[in-house]
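Each structure below is given as structure tokens.
One chain, subunit A, links the two complexes that follow: it is found with subunit B in the first and with subunit C in the second.
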Partner chain A sequence: MMNLAAYLFISLVLFLCGIIVIIARKNIVAILIGMELILNAAALNFVAYSRYVTHHIDGHIFPLFIIVVAAAEAVVGLAIVIRFFQIKETIHIDDATQLQS
Partner chain B sequence: MFLQVVFILSALLTVVSAVMVVFTRHIMYAAVYLLGSLIGVAGLYLTLGADTLAATQLLVYVGGILIIMIFAIMLTGGQDFMKNSRKSFLQVPFMGNVKTYVFGGLAALVMGSIGTKLIMNVADRFSEHSEMLSYQSTIEVIGEALVTDHVLVFEISSVLLLGALIGAATIARPIKKQ
Partner chain C sequence: MTSYMTNLAFYVPELIVVGAMILLLFIYAFSGGSSKKLNTILSTVAAFILVFVGYLQFGFLQAPIQEIFSRSVVIDQFGTILKMVMVVGTLGVIYMAMVSQEIVEDLKFEFIILVLGVLVGAMLLVSATSMITIYVGLETISIISYALSALKKNDDLSAEAGLKYVLYGGFASGVMLFGMSHIYGVLGTLFVYDFPAQLASLTFDNMLVLVPAFLMFFVGLGYKISAVPFHMWTPDVYEGSPVPVTTFFAIVPKVAALGALYRLSTVLIGQETILATTWITLIGIVGALTMTVGNIAAIGQRSVKRMLAYSSISHAGFIILATLVVDQIGSRSLVFYAIVYLFMTLVAFMITGAVSDKYGNDYFDRFRGLILRYPLMAISMVIIMLSLAGIPPLAGFVAKFNILAAIIKEGYYTLAVIAGLNSVISLYYYMKIVRLMVLKEAESTEDIANFSISVQSVVIFLTIPVVFLGIFWETILAFANGAQIFIK
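Take a look at the complex of A and B:
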């Protein structure tokens, strides 16, 4: 049961859920949540391949940096969302139509 | 046996929470389901023998990113969430005609069969590696690799985090009324 294909299937489900959230939701915070799901799917693939295929520790290093970049991206993205809400009084993605107000 | 129980529970938590993130209407519920999905991924890291990654996942994601997301939801949404979820996934009208759905279904069948074939190949090829290796702590090896082989990426990530800190504080500062 615990083989590479099971982890790849879980990662596939995470990735598809992230893509559907990014496409279908109109809330900017929800789109950021979908991006977190996609980054988790990629990191899970790294660890699964490093355990079952390469047996090397580099597969554990890369998810650390994925988590670091995800933290930086979430902080800056949510700051942009809060700034956008201060200006437009909404966080609907269809209202974000101009770069400079 | 214990590992398989942990694996099954973590996989169920991850998959069910990820699907519920898609299908729930309330954005705050989506954030809480994301919490379940992240904890499930941390459990999957444990079953893969990556204890440092599981601890980092719990600390950074659950303790940091999710709290920031809930703060952002409360600062921006409040009672007004229904207005923002008005055009959500369940409200999208049907598009296209019968021909569109027939060809879309055929394409989905072909892609599904090809994907299943590829996944089965991978499963057959690597099924002999599926026996349990020895589970030992990885923190020493990761620490040595971080300051020897990957030291440049380590330093660049510190600069990236400083830039993200300053950028977030600059972007989200209050508007000056003039």
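Take a look at the complex of A and C:
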């Protein structure tokens, strides 16, 4: 029998995995995948909370928004990555250093 | 509970902007290929629609505050005035794009449609009262902004700017969502205005989850405001994007996110909880850091655009301080600053854009001796720089003074001192460009094509409010005084 804590633990692990991927991986596509992990962690949290704590439909609606927005974000993100690849012929994050902060 | 159709009546301006996007897309699709003439038509249509939308907002200033769409969106005077600021900003930016040579003709229609899209998101964000609408508004701004910053398709700097924006932006919104999910779990509601009632009955364990969750929530908003420490993307994106896009980023998303932050502050501040204390500390520290880091980084810049980018960070820091004061004086000072900031930013970037179009870069030296060649432009730039630094009797001074008065009233003396010191620091780099324009000799005597009669008149037209608001600030303060925010 799963309980709330188990879901929260899984989502926390997903979230941390996402952050580690974003920080550690140098491949831009991998970084985009890391972002998806974070978004899914949040969506999982919403559903788990609404199932075990709030018993309210709001928590089910929000993940739907997250899924739609994440898809839109991935579309634009990948389009920019493809453009970057066509110009630089690499998808290594360390090659994006022309603009120095 | 009002019906859905009645709700829509309060949402007409946003719907018109959405309709305008579709209309422009259709005009473009059926006219076959872009031309200068078509772009003129498209921009004129967009401008008229925006003027109409701005005009409609005046109607909402008089109307009573209204919660619509199952309480997800609130139409109040505070949001309405900020929407006006954003509409005027969009209008100015569309004009800039039309005269800019940096955005080629083929891309101008795309630019217009995309900025209208961001405007819709920004208008949703300032009036959002549910976490869903806040998230959707923020992401509408973000996703379209990614495309905007990568607008120059074959330019490697533009592509890199877009890439950095996507990576930082996706990360920040993911963290914000994770925070939101825990807020929902602990407080059991998505509606911002239900937070206070729920906060009252919380145990210490709940707070242990809730405080980090709100910090995460702040990441998403702070990233859009480009508050330190989430400002890393700002200089790069601002530098890599075309000047009109940079101007747009410095105005519309920032104002929208500051509006949302203020709304959140009105809910959280004012109670005796650990959360309220943490939130005040967080905003105070972030505001002070944002001002200081922005100013100090601006000193060493070679490019005027990059300098203005850092200066816009420090101005955002100033406005963040206003979110500490959650009464009428606070909302008034925030709105006033936003109005003044709009004019100052538009003029500063318009002149920089014209110079950088001519020479291909916008280093400080390109401004040498501008006063002899284009005296009106140079004088406008001097006025704007003095106003940005907060020298009386210009509007920038009154705006800063209002915020200082508001935070001193609440007793945040340290923050007031830091803000004052920052104004002094900022004077240094603003004066650097004034010195070059006025005291140095020009590098060349070639005409700058982009300082045409129409551009000069628009620049002067936009500079007049900065002088006018500095002297006759009571009128606009009375207007800003009506910026009533919905409080449950």
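Rule of thumb we're sticking to: the second predicted complex is superposed on the first by the 96 of 101 C-alpha atoms of A that agree within 3 Å, B and C clash if a C-alpha of one lies under 4 Å from a C-alpha of the other, contacts with A are read in each partner's own complex, and residues count from 1 in each chain.
By our rule, a residue touches a chain if its C-beta (ideal position, glycine included) is under 8 Å from a C-beta of that chain, and two chains touch if they have at least 3 such contacts.
Computed from a predicted structure; not experimentally measured.
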> Touching A:N45 in the superposition: subunit B (first), subunit C (second), both, neither?
Replying inline: second
> Thinking of the overlay built on chain A, is A:T54 touched by subunit B (first), by subunit C (second), by both, or by neither?
Replying inline: second
> Residues of subunit A touched: more by subunit B or subunit C?
Replying inline: B
> Does subunit B (first) or subunit C (second) touch A:L99, or do both, or does neither?
Replying inline: second
> subunit A residues touched by both subunit B and subunit C?
Replying inline: 18, 32, 43, 48, 53, 58, 61, 65, 69, 72-73, 76, 79-81, 83, 87
>> Considering only the defined contacts, which subunit A positions touch subunit B in the complex?
In response: 1-10, 13-14, 17-18, 20-21, 24-27, 29-30, 32-34, 36-37, 40, 43-44, 47-48, 51-53, 55, 57-58, 60-61, 63-65, 67-76, 78-83, 85-87, 90-92, 94
> Which of the residues in subunit B come into contact with subunit A in the complex?
Replying inline: 3-4, 7-8, 11, 14-15, 18-19, 21-22, 27, 30-31, 34, 37-38, 41, 44-45, 47-50, 52-53, 56-57, 60-61, 64-65, 68-69, 71-73, 75-77, 83-89, 92, 119-120, 122-123, 126-127, 129-130, 133, 138, 141-142, 145-146, 149-150, 153, 157, 160-161, 163-165, 167-169, 171-172, 174-175
> How about subunit A: which of its residues touch subunit C in the complex?
Replying inline: 11, 15, 18, 22, 28, 31-32, 35, 38-39, 41-43, 45-46, 48-50, 53-54, 56, 58-59, 61-62, 65-66, 69, 72-73, 76-77, 79-81, 83-84, 87-88, 93, 96, 98-101
> Along subunit C, where are the residues that touch subunit A in the complex?
Replying inline: 131-132, 135-136, 139, 142-143, 146-147, 150, 153-154, 156-157, 159-164, 166-167, 170-171, 173-175, 177-178, 180-182, 184-185, 188-190, 232, 235-236, 239-240
